[in-house]
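The following pair of complexes shares a single chain, chain A, combined with chain B in the former and chain C in the latter.
The block that comes next holds the complex of A and B.
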């Protein structure tokens, strides 16, 4: 069976796993975006807290994904739960860091000007600071998405959903007839998904960057 | 597990840590490396605190786990001898793969940043970006299908996975050298080779070293996957722990991998601090 025959014979399964993978990554990154921006907003005014948040995220980020997934098996068991927690944790790091960097990079004179024309704290945040920091935050989201795509594949080891299943089936049948087809389908599927997501995020970036700071 | 203290200035929020072109993942430690160059030396004892803490946690865990009630399967795996051997295998995989990556990536990066190769740069960077989105486990298993399982296949997989980010960092590092400085070098009569060795490479060193640090940490993580294809290393403890359902074995594997990654990150940080040319 060559690769194309394999793809067409398993079309339904592959479509389902691709969809699962995409939906898992999407949901985890959205969750990480919400949590990450909230953490960023909570700490960015204090340099000490910012440093603490960034370095804690850095330590989590240094821990290899297989180790973190394994550590999560003990409290959460196998399946969707450890995969989702691990993916969200890894996605948090670039988002938290970029939220802090983006908000800290907003020109203080602009904030002063906003206060001068009578905006209150909440309006300054929503109308001035967050829009100006948004491109940097979105870059963090792009990095997080790419990361989550790859780690999502390893999540199949703890019985997580998605295309990693194909890769691990290929590994289990090493030397067997379909092993290369399975591995290739899983790997290429993830690469293609990653490229599609990245393209979409780039488009979102174009559409949502305020006109005044568009390059 | 408590968070060991990082270098005090590593997380400075200011600076161009995140450029909107997506390159911040690899340049993150570049900023960290530069920041720490200006760290006051009086705080250097804090830098030593981190590895001591990491080793202490690892040793403490081993003492603890050996004193809990282990059944015969777990006890057979968790001997000091076996765990040390696995740790050493992990270090071996990491170091050998990183050295090969550097031998390939740095000369290639230098070559690709020469003026005659400039038109190819965006193309190579694009390929590097796409290649980075390939999942590590996929690359590892694909190579095992092609070359069979074992240590050297694991090395090939690690190198294939690590070479792109290292190449990218070398190229980015050389690209960001101020062109007026290379011009000045040419102006005082240096040959192209001397400009490269005396001006460009020294100025690119912080970024290249940051890339090496990222590569090292990446290799520790990917080496743990290598155990799926019989490459050895601490991943073996994880897979044994999962397949025999022995939580102490699984936890030992995970904790030691995590600690090793943090230790290697510290070594990379120290290298970035002390090998970078003075005066930058």
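The block that comes next holds the complex of A and C.
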């Protein structure tokens, strides 16, 4: 059975797993975006807190994904729960860091001008600081998405959903029938998904960034 | 455009008109007894401008009213026919737009000396007051105390008749225009959105905001159709700063704070924007606090200048002439940097010298009556004004020889008028260039105010100098 034959014979399974992979990555990144921006907002005005938040997220990042997933089995069991938690944690770092960098990078004189014309804190945040930091935050989201795509494959190690299943079972019976096809299908699927997601994010970036601050 | 904006004296948007009793009487007499005493009572306008009392940190309320017809032009769109007869009715509104700092101190935590040390300053409504000083003198801090971007440690601040400390700071700031260096426009918003921000915060409806935005853009000479939907970065520095001014005027505030607004612009653009600001001010009559470290800019723009030293100590607070003719001390002199006679010409305004009055006529006036007017006066001509009191032609008795009925289109076209806001240097320039020996002077909206000749300028300068000399003599005898 060559690769194409394999693909057509397992079409339903592959479509399902691809969909699951995409859905998992999407949900985890959205969760990370919400949590990350909130953390960023909470800390960006204090340099100490900013450093603390970035380095904590950095520490999480250095834990090997395989180890983190394994460690999460104890409290969360197998399946979706540890996968989602791990993916969200990994996605947090780029988002938190970029939120902090983006907000800190907003020109102070603009905030002064905003105060000077009578904007209150909330309005300054919503109308000046967040919109100006948005392109940087979105870049963080793109990095987080790429990251989650790759790490999402390893979620199969804890029986998580997604295309990782193809890769893991392929590698497990290396030399056997279809083993290469399975690994290839999983890998290519993830690469294609990653490209599609990145394209979408780029589009979102263009649509949500006003012409005035587009690079 | 006489009615682009509501009368500033009607108190900006939503500003209640506080009790009207505040306006002190129409005193033409100089204010508090001080080192400056009047010398010659003859030239009323010049005298009131040059002997401007209120040198040194003036907080007496009478001092700021001394020169209603001299140093500054009466604002307000109404074409008041004449402002020489003492403060007209509208004056009260100006005072209510004034700003007052009373014993204000600002001490930043961790600093031993206060940044602003017990400063009292009265900024009369409708005038441009420049805070001039080297960096570190606390001039920006002083300005930022007014809209409470910095909270004072102690003291009182009164803006447009209301205690600033008793108001919600954001509400206060929406009613005080704020212009900063580089304009501080929000780059992610269009020009129109930037300009409409304050009206939007005040809850205006969309249509009203859109109209206001267009009106403001026209006011600062940026055609709305062309600029409304552009983004700040697509504009030049000068254009950006004009948008900055438009944004500050959003809700037609009675007062504006300008923090070195033209500091980052090239010299040519800076000059142009300064001129435009003066022109705008002629229309709007806002109370403007202007911070700069540029002496020439201060002399050009200020109705009054407060020269500040460390801790925002006010070394001298007076009109540009007074400062040029009679610097309070060496510090001020050093700051001015010499060439004061030329600066006097360059920075004195035509409005500050007594203008020559010639007979006036209207096209519909009877020729015989006009001839009589010309004949009885010393001057050999009359100036013909149009329906809106703008000078159009001049006419001599000879032109009217044997004419009956209305004078109509007779006479010769008048020279291009100079504005009362123009400098004496510009007037001199105009006088040298034209073939007549006089030029008409006009006020806001081109309304005729008088004429000026070379002799007028010469006398004015001589008068100023003599008065300054007299004052110095007096100071010397009074000192010990």
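One rule holds for everything that comes next: the second predicted complex is superposed on the first by the 215 of 215 C-alpha atoms of A that agree within 3 Å, B and C clash if a C-alpha of one lies under 4 Å from a C-alpha of the other, contacts with A are read in each partner's own complex, and residues count from 1 in each chain.
Please note the rule applied: a contact is a pair of C-beta atoms (placed from the backbone, for glycine too) under 8 Å apart; a residue touches a chain by one contact, two chains touch by 3 or more.
Just so it is clear, the structure is predicted and the values come from calculations on it, not from any experiment.
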item: Chain C versus chain B on the shared chain A, clash or fit after superposition; value: fit
item: Contacts of A:115 with chain B and chain C, given as first, second, both or neither; value: second
item: First (chain B), second (chain C), both or neither touched by A:167; value: first
item: First (chain B), second (chain C), both or neither touched by A:7; value: neither
item: First (chain B), second (chain C), both or neither touched by A:76; value: neither
item: Touched partner set for A:47, first chain B, second chain C, both or neither; value: first
item: Which of chain B and chain C A:104 touches, first, second, both or neither; value: first
item: Touched partner set for A:31, first chain B, second chain C, both or neither; value: neither
item: Winner by number of chain A residues touched, once chain B and chain C are compared; value: B
item: Overlay on shared chain A, then closest C-alpha pair between chain B and chain C (Å); value: 16
item: Parts of chain A lying in touch with chain C, wherever the complex brings them together; value: 109-110, 112-120, 123, 127-128, 131-132, 209-213
item: Touching residues (chain side chain A, partner chain B) in the complex; value: 44, 47, 50-51, 54-56, 58-59, 62-68, 70-71, 73-74, 94, 97-98, 100-102, 104-105, 135-136, 138-140, 142-143, 146-147, 149-150, 152-154, 157, 164, 167-168, 170-171, 174-175, 179-180, 183-184, 186-187, 190-191, 194-195, 198, 205
item: Contacting residues of chain B [partner chain A, same complex]; value: 3-6, 10-15, 17-22, 24-25, 28, 130, 132-139, 141-142, 144-146, 149, 217, 220-222, 224-225, 228-229, 235, 238, 241-242, 247, 250-251, 253-255, 257-258, 261-262, 265
item: Partner chain A, residues of chain C touching it in the complex; value: 147, 149, 170-175, 178, 180-182, 184-190, 197-198, 201, 231-234, 247-248, 250, 257
